[in-house]
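Below, chain A partners chain B and then partners chain C, in two separate complexes.
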Partner chain A sequence: MLKSIIYKEWIKIRWAVIVSFLVVFITLIYVQLEIRHYIELMTAFSNWLYIIQRKMLYYEIFKYFPLIIGGVISILQFVPEMSKHRMRLSYHLPISEKKLLLSMTSVGFSLLIVNLAIIVGGLVGISYIYYPAEIVQSLLITILPWLLGGIGVYFLTSTIILEPSWIYRIILMIITFAFMKLLFMESGYNEYQFSIWKYLLIIVFFPLMVLFPGHRFRKGIN
Partner chain B sequence: MLNKISRYVIILLIIVVAAIYLPNFYWMVFQKSVRSPSIYYSPIKDDFVYRQWNRLTGSKYYDADGNTITDKEFRIALPFYYYRDLAKWGELPDSVKTIKFDHDELRKEMQMLRINADDFHDPLIQLWPLIESKPKYAKLSMPNEFFRITDRIEFFDPDSNKVKKEMSEMFTNSMKEKGFKFPDKFIFGNPTTRKSFDEGYFIVDNDNYTYHLKKIEGKPFCVKTTIPRNLDIKRIFIYEDTRKEFYGLLFTNSNDVYLITYNNYELIKAPLEDYNPDKMKFVMIADPLFRTFNFSDDEKSTSIVTDRNYNLIDKFEISGTPKENTITGKIAKTIFPFKIDTYSRNTEYINFDIKINYLLGLIGILISLIIFFIISRKKQFNYKENWFDIVIIALTGVYGLITVLIIKPGYWD
Partner chain C sequence: MENVIELKNLTHKYDDKLVLNNLNLSVKKGRIFGILGKNGMGKTTTINILMGFLRPTSGVCKVLGEDSHNISPKTRARIGLLHEGHIAYDFMTIKQVEKFYSNFFTTWKKEYYYELVNKLHLKENHRISNMSCGQRSQVVLGLIFAQDPELMILDDYSMGLDPGYRSLFVDYLKEFVSTSEKTVLMTSHIIQDMEKIIDDAIIMGYQKLLLHTSLKNFKKSFHCYQVPKSSSTDNLQTDNTISNIETIKTKINIYSFKTISEIKKYLKSKNVSLETLKEIPLGLEDAFIGLTGKY
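This part shows the complex of A and B:
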């Protein structure tokens, strides 16, 4: 049963995942070319100085990638289920609705994580060619809230789509927007260094969020 | 059970978002613009004068007794700051006290330093350029490498992204010779070429001794300073100024401020009281006659004036009312039992600080609970299944009340 659920989810999102891999890959190449270009034009010293003192984020192009990927995966997984109430059929499968929802989201979540891992790995790899460890470390601290934003938006979007009532959906959309805004306030590096664990502490619970709308759907709330 | 927890996760998220945004919306509507006054010491009046800005009345000027003075009187009282205006009006005095008035001399004698709370809380990658202190040309220029300090000092060549071995060894040995204990605790400098000369870095070693490191003609210049090791240094700000009176200001964690003088790094303690670097703006002004230290937050603005040898002459204080203590502030505290601050002008970091309004907040929580019981009675709320909703309201007041009423409990199995 579980195997077929996982397979079905994979079919729904495989194209998006492949396309996002490609886009991430191309953007990584772009970032590297841009660093080389900067160094060529303004010398490596000025480039470092710009990054350290002016706080230029040379990887900022990736800022909203996790958010978009998380949102797209979620939409592709759950919008088809909700149109024409197909989800009702899924809820009739011989598996509890909790297990069903959690296994569906864990497929999307895993692929999102793979995608984020490629972004992080690629950026770290490129950075080590041109920059010392201090700058690479600051990269990791700086992009962490963006990655959490992607993870958060995946579960929030899924919750919104699975929610049967439009009033709840609109409330959740506002909350999603407001919460996401909090994770993208950076204008320089390391700004979330001391507070990011508190945001993480909230997002850790997000995977459970999809259960409540599923429960409401099964109880026939509109 | 999991379904219930799922609902509480949604509720938790909404409460967090509400506790961040709702108090901000409240203050967007009700906040009145209040600015700290700018206080100066007048060598003409031998007393303080100050300027207070207000959105409705604009700038208003006062003497130390609180009497209004005109803009012109204010400027005439401060010839060192407004000598250009005075010259235009033909009001320039020939001399002020013992000082003969001379534009060029005056400009050399003036120095103004501003340090805000966020200068102490600003993320900085610990890679530093060591500028040549005896440049070949008139202007300073940036070097070709950055240094870091670990168990030695390492100079990085940005072009190859590799350590420059020879240079690193030369500087490491020189520092070790002077007794520097690696690794460092702090590095303080002013790495910019927009200054007239360079004083390099003040580096606190692992034994809390402060060293002065410069690069002179490519060679290390390292001095173990006489700065006491038990000072508990918070931050040193270096200001290369042509007056060459002091290298910069040293702030300690017990909120003392010292000047590091050019006289063999001897420290002079600024006679400040109640200064809190984490919350206050700090300005130091040196003019030909006096040294003025101003520091302020919403609660209080203080100005301390000393003679050129830093002996206290006079002190002036103006209290303000921070928005939290106004009636609108107290109403806010009653409505919102706590709030979460993500932004503060006192830091460059993004926070997630929970601020609890203990006493007044409890009143708000009680009101929220009463409202909830009235509403839930009518709606036949299932207390046995959803007792935790009440706990939430008891902990989060109005945020919990709104959220629990919107995100209603389901028909649990």
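This part shows the complex of A and C:
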């Protein structure tokens, strides 16, 4: 059964995942070329001045990537299910709605994680070539809120789409907007160093949120 | 014979609007049961409750012995659902959708699916979203047949189908049901098609059940009598004898389950002239409209 669910989810999101991989690779190449360009044309000293003194994040181009990828995967997975009441087909499958929804989101989440891992791996690799270990460490702490934003937006968007009641949908949209606003406030290095664990704790519960609209829909409570 | 579907005092309201009022019915194993009624009489509400997507305000709705809003995955595998509009995974192809469903059912019969779908002369990589409503209906029916369920709930199967596809659908369903002891509950607006296939039916009226019988019985026992319009016919009203009255210019059509002798006696008591009283032969659709009314 799980094989079938993975198969269906892959059919829905494969093109978006392939395109996102390509865009991430191209952007990583762009970031690497830009760093080289700065160092060769503007000297290493001025590059250092920009990234340390002026807090210019040389990887800022990736800031909203996780958010966009998470949102797009979620939309492509669940909008086709909810349009024309197609989710009824899925809810009638001989599998509990909890297992069904967790399996569906696991597929999207896994592909999102692969995407995020490529971004992190690529940035760390590029940074190690040109910068000292302290910069690489700070990169990880700095981009963590963006990555969490991508994961959060994936689960929250999925919950919003699956939610049959518009009142709950609007409440969830407000929560999503507020949460993302909080996660994307930084403008320099390591600004979330001491608070990121709180966001992490909240996001751990997001995968469970998709179960509530599913439960209500299947049990005919709405 | 055991009941596959059982509705006891089923009531449903949307906010304050009462749609189903103490509906009682049971469907025995191996029967083909039709739910008939005009739009807005609660057919879709009943089907949604049966499918478990709506919790009734009160009453009991059991499907294969389980509460409809709490059917276990194991029992769900024994129920084939056809949703209004022939809903399918449009983003999949003919081959993909079969591959997807096949892993969920232990008794999956791939050949049933392809027997039906091959009639469409489409390639296996043809997307469902690029099919006509009729073609999609064949895919959906093929998937239900391949599932080989004990109970099939078919909601408005005829919606959007041309006469050819409707006939194909009914013929295949009839054939499939006759070869195995399947139970079917279906709704449709096409009364002629229902006549070909269903054993028993209910006719739903506004907040009440108008009839629960076989269509053959209904057709045999329901009559239309015509008399000229007069001052005495103006006083006629629906009651235990008259199910419905229809005025067509200078004539009055009286619909009733009573025999001609009984209706004569009744009309005489109401001082209606019986000189030109005649019985109008009714087809099933005319009888259905006669009972439920045009408006």
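Descriptive notes on the structure:
In this text, the second predicted complex is superposed on the first by the 220 of 222 C-alpha atoms of A that agree within 3 Å, B and C clash if a C-alpha of one lies under 4 Å from a C-alpha of the other, contacts with A are read in each partner's own complex, and residues count from 1 in each chain.
The rule is simple: contacts are C-beta pairs under 8 Å (C-beta built on N, C-alpha and C of every residue); 3 or more make two chains touch, one makes a residue touch a chain.
Only a predicted model underlies this, so the values are computations on that prediction, with no experimental measurement involved.
Per the definitions stated earlier, placing chain B and chain C onto a shared chain A by superposition produces no clash, and the two fit side by side. Shared-chain residue A:171: touches chain B; no touch with chain C.
By the touch criterion defined above, A:159 reaches chain B but does not reach chain C. When the two structures are aligned on the shared chain, A:212 is found in touch with chain B, with no touch to chain C.
With both complexes superposed, B is the one of chain B and chain C in contact with more chain A residues.
Judged by the touch definition given at the top, the superposed model places A:194 against chain B, while chain C stays out of reach. Contact with neither chain B nor chain C is seen for A:21 once the two complexes are overlaid on the shared chain.
Shared-chain residue A:50: touches no atom of chain B or chain C. Rounded to the nearest 10, the superposed model shows the Cα centres of chain B and chain C diverging by 140 degrees about the centre of chain A. In the superposition on chain A, A:134 makes contact with chain B only, not with chain C. By the touch criterion defined above, A:3 lies against chain C but remains apart from chain B after alignment on the C-alpha atoms of chain A. With the two structures overlaid on their shared chain A, chain B and chain C come no closer than 8 Å at the level of C-alpha atoms. When the two complexes are superposed on chain A, the residues of chain A that touch both chain B and chain C are 219, 221. Remark: chain A residues 1, 3-4, 7-8, 11-12, 80, 84-86, 88-89, 91-96, 217-221 touch chain C in the complex.
Listed in rising order, the residues of chain C touching chain A in the complex are 48-49, 51-55, 68-70, 73-74, 76-77, 79, 81, 83, 85, 87-92, 96, 99-105.
The touching residues of chain B, when paired with chain A in their complex, are 2-3, 5-7, 9-10, 12-14, 16-17, 20-21, 123-127, 129, 142-146, 148, 156, 158-159, 161, 191, 342-343, 348-353, 406-407, 410-411. Listed in rising order, the residues of chain A touching chain B in the complex are 43-49, 51-53, 98, 129-132, 134-135, 138, 159, 168, 171-172, 175, 178-179, 182, 185-186, 188-195, 198-199, 202, 205-206, 208-212, 215-216, 219, 221.
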